[in-house]
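What follows is a short report on a single structure.
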């Protein structure tokens, strides 16, 4: 009973923590972009202001119930997913799901968003979703190979035991030093899963007018902003848990999380976006090759 | 070079009946011809004299003569001479032939002229409205359409009368001319002088 | 008379009643009632699902001196439950308004009910088989009765059904030949005798037996090179029939494979047989056939523009998962494979019924001519939504649990490439099911569909019940896992450790109660956030962003055709080059063969023809 | 007057759907629209829709004095307004037989070329943004701002300078201005390397732009393509050299060309043109201090100036292509007729419609931007 | 309909309302502050003034430091920048765009043309007084205003929003009849946008005595009903 109570407390706490960290990750992204573009960039609380403002809109235009439900699913899916990601001191329900569950749970928000966008009856949105799903197909294949490699290496699908195994011997037992090829492939997949340039095919303002977001205003867009901060958090924490030994304590954990994201962000603002098929080709070529090589090393 | 070439061109152009050539300057040649002869001239210029570039088709509304003047500006990249072929067509019924089959870009200019002047080009690929899709009035570029009158009937104006301005005006300052006074022909500068 | 007798008797009665009373208006409801009686009967036998003792039928015959008998064990019960459940749902769906509409358009709903009832009866006979002879008899009866079901619609469906029976006859030949070999070796058709000599079989014998059985049964399952008949035949069957066929019919092959290959011959032997010049064992070959089935059919489904065909193609692919699961043989994988049969049946039936409901209202299944139906048929949408989440294997629906077991098992067994193949299949599924729901229910509503309404309750009820099952068994997979464990026990496979919420294991467990709970509380938080904003105002679809332009009612503003255009620029050429080449070559081979067979078939008396072929093959293999 | 109807109609069973690019769309340049019909992501039909920026310039100009119109013309092409002023002035000077003092001509060239560099920087930014690359846009627009500062210093206006009048230019270059121009050019010259690394040789950009919206030489001539777009097809035509105006014949500059005729070639031609413009301006900076003389040929009372009857067709090479003014005077205080030939009128309508058909949805925006069309030139 | 009748309608400033609950007030102020610090402007270049927006947005002046970002679709945007003259054709799109934006929405008229037609006062193609057709919060005069002026104007708007004074969007609902009348005067009586302004006003209790009137009657008599597609069982 006591254990259940503790778990429930953690399940409540983890999304809140994730959201706050996620906001700072969004801020870091925007600041980094601004610095590369030789600007000052937004203020510290800008991500929060945006979200509060969007939720505080007076008129909220919806295209129907599914439009609403889609956003609820998109936000809710991430709220649930982050409880599967162990952070220092809190395991949540990580031992009840494992990475495979997490991987598939992370598809719930995409599905929710896809449903909501579909209801809007805007072809821009539909094309955006078709591209988003295509890119998911593209980056999930290397990602899933990476997951397989990590799970095989640590002979567990539970993130808790994976992290514990990595923390045994410091840097030497981190995933990144034991499986560098998989870590590299994972970084590719992480970058693509964030949907930043050059993999930003589904927002593509000049082509499909921000795609899925096109009919989203007010709290709908606010939901997407919330979702974005969760997305950044989930992606970086997952990567940290798989390859960087998770968090020994909050300081190193946060350092690692933010450091992981700097790489894709720094690349993102220097490249245009790929065409859809080029993205698929790229993701199915290099990361898959790297990951397969990595698996070959892991399994021997 | 252009002078030497213009000799050849002159010979060539004599094939067109009733053509009048005037050199405005060495690179500007004006050709006045009858409306019926224009397609032949253009075909000749494009086919045999390297005038591949249709720079523009201009239309002038000579309302006093009750005629539209159409000017076809043709440019040759080889001879560097611009020929402006002038024709006149009657304002009523306002129909002329399209030269789209000779010069592709003519489609745009003809569509534009049809929209702005109401001059219809037979054989042009698309004579539907383009720029003025939401305009119901007469073709606006005709000289008999008074834009200003239409504007005065349709729109109202911002009231510019802050208190300090009213005071100034009582003292004889401020803006003394109004759109009405300008329309009446007295410009502010002349007023003062 | 025991419960099995009763079940078979009711089933026979159902078939007879629906066959005799075809013209009657109420025959649909009567059949549905009889199906529910069957359902009660199977429930009475429920102890089988929890490891109860085998139930023997009291009737036993002797054919040519070989005793034949029928009996039910955990595995049979598991399959029978799905069969009767699917039949019940389809039958109810087909009983009410659907039947009237179908009759109005020249169909014979009574015949459809009869065909389903006959299918159920023959499949129960197959499932109850107590020896190889009854297995074969049941197999043949089931094949021919599904032919009847496929032919109900007439017209184009007849051609597809004939194509099926050509394949099925080929499969039957192979099975017969396999039986011949076994009979040659053991001198009897009893399971026990085969199991007894199985350890002493030579490699060649095992390989030829396995090839014959896998080929014979695999045709019905739609395994890779022999999958071409299935999608068309299923898709052209009238809605509820397609739901029944799609849900369970081809899974009989899995039952047969499980019984013969896993239970009797023993899969371990196949693992030990190396294929020369490769790293693969014979089982790996079968696994790869299954994996390729998953990938090829799933990506073929992605290209379909007809809702029924899209689902039917997925049906073939999902069979691959089940086969992989069963062939994996470890507790997790086989549990996943077996559980997937149940899960798949529930959501596939729900999906086919939902598509039938859409067809019932709109008269089309063309994904390019639908759209925006969610406002008109919200419950059907809900059913389809739950169905596609299940089919795509996303939590919290049951499809995820069985797929999780298979993935987990593939990781444990260390089979990376197969794992990747199954995941590629899942991802492809997500893509195509979104296309299905988007093109049908989301997007722009067409004018001709403005006035349509939700389907009547007789049709909604089975759909809703099925989707409830999809959800509940996803939430509490332990319910099904109990039965799966019983089936595993019947097959003699080590049983998976489970509880109500899922799987407990040292290296990563699954607790769906927690996960669903957290997911739904996540949705709750999302909803809380969402409804903390001001209330929403719903707007018309024309009040939409169109680049700042006014959207006109005559603008077609629904993106449907070539939905994954970007992807197709890359893999589209693969379809053309490889898939189509494969298809066309297979089709030409098959048409050549079938033409040849047809000539024979028509020139001889069919029975004689079968006999001759059987004797020849017996002679060939035995001699 | 309702723009569209909302009366529901039955849609024929078709696989095509429509998308509106613009007027409010980041994939369109300015206030302009392109309606495309797509099958999957392939365009099967494209119709441009212009007139959102229509102000009736040609009508307005008939209603205003010769000199008043100078304030009007730069507004016809906002990103590159100077050629409009110069071209109108040239036409009027030709009509009125006014000789422009040499110093004024040099200053005009200086201003024209500065404007060309500014327009090209703006173009790169826009083109990069269509491919999702915002950094060149942020850099390019900011660097363009330095040139706008120069304009401001020279003319008083950042965008619309109203600096060229019939007869000459309004005022002399300020003290130290040429040095500042020179410094700015040095800066931009140095920045070009960064742009090359970031944008022009960026592999992903090259991959995306190559083969997009290809025009071959015959098509280019048939469709009256002009300016950099024409030169990207390998045709070395430039109004500055072929139909020279001002003091261009005295200047030493090359006309860069590319062969491919696609979006990449069009971008690279403009990149090379910037270098040539810098070269020209350096020559102007060198020569200008030695050229003395008045800045304007005085014209009679500009408010009652009657230009002799006649007609004139003046052409200027702007950053978009050939700008031409056809001015007709009947000897009155106001022009009788002014016809403006904006280069984009060809590029943005006919050429775009033809290039868009058969192209991919991904490439539409790139096609539009690589043509560097300026919608107000279409609408006028 | 006569124009003189239209001019008679006086538009009153709507005063900022305070709630009685002090916590609600604090909350409102916080939301108001967030609104002022996060303004998404619509990426719509209606006229030539748009040329000064990229400089204001990009590295030199960097609007994002004030929380101002360009957005693509009207649903996402808070500010509609009317950058210069609006031709009649554009005006229709602008009105549609304005109605599609989610309230609170703010309109800034940039350039002199939006005030009174500017130098195109004679033109048959451009609308003259922008605030006849929908309420405008702020004008930034100039031809064209420099980026500094644009940012200065935006900062003034921020102050107004923070003080809860930028409520002009409510006027559109409360005086819809007046604005619709002007629109009908220019576009003709069968003018209709796909948006349902009256319905919105009623849903959000923004309707006032002048929401409905003779012009909305004309609208209702000619309009094709565009009711939302509600779910039906």
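To keep things simple, chains are lettered A, B, C, D and E as they appear, and every chain counts its residues starting from 1.
In this text, contacts are C-beta pairs under 8 Å (C-beta built on N, C-alpha and C of every residue); 3 or more make two chains touch, one makes a residue touch a chain.
What you are looking at is a predicted structure, and each value in this text was computed from that prediction instead of being measured.
Least step count on the touch graph, subunit D to subunit E: 1. Among the pairs A-C and C-E, the greater number of C-beta contacts is found at A-C. For subunit C, the chain whose average C-alpha position is most distant is B. The central chain of the assembly on a C-alpha centroid basis is A.
Subunit A and subunit E have Cα centroids separated by 37 Å. A separation of 21 Å divides the Cα centre of subunit B from that of subunit D. Chain geometry summary: the mean Cα position of subunit C and that of subunit D are 64 Å apart.
Our note on geometry: subunit B versus subunit C, Cα centroid distance of 73 Å, whole angstroms.
Annotation for subunit B: residues 132-134, 136, 140, 145, 147-148 touch two or more other chains.
Among the residues of subunit A, those touching two or more other chains are numbered 37-39, 56-61, 64-65, 123-124, 127, 205, 209, 214-215, 218, 275-276. Residue positions of subunit E touching 2 or more other chains: 43-44, 58-59, 72-75, 89, 92-93, 97, 100, 122-125, 187-188, 194, 200, 203-204, 226, 228-229, 231. Pairwise chain contacts in this structure: A-C, A-D, A-E, B-D, B-E, C-D, C-E, D-E.
Considering their complex, residues 366, 368-369, 446-448, 450, 542, 546-562, 565-566, 568-569 of subunit C touch subunit D. Remark: subunit D residues 3-11, 13-25, 28, 33, 35, 39-42, 49, 361-362 touch subunit C in the complex. The residues of subunit B lying in touch with subunit D in their complex are 24, 27-28, 30, 52-56, 58-61, 71, 73, 75, 77, 80, 82, 84, 103-105, 107-108, 112, 116, 130-134, 136, 140-141, 145, 147-148, 187, 189-190. Residues 33, 36-39, 123-124, 127, 197-198, 200, 204-209, 269-276, 278 of subunit A touch subunit D in their complex. On subunit D, the positions that touch subunit A within their shared complex are 17-19, 25-27, 41, 128-135, 138-139, 142, 198, 202, 204-205, 207-208, 360-362, 364-366.
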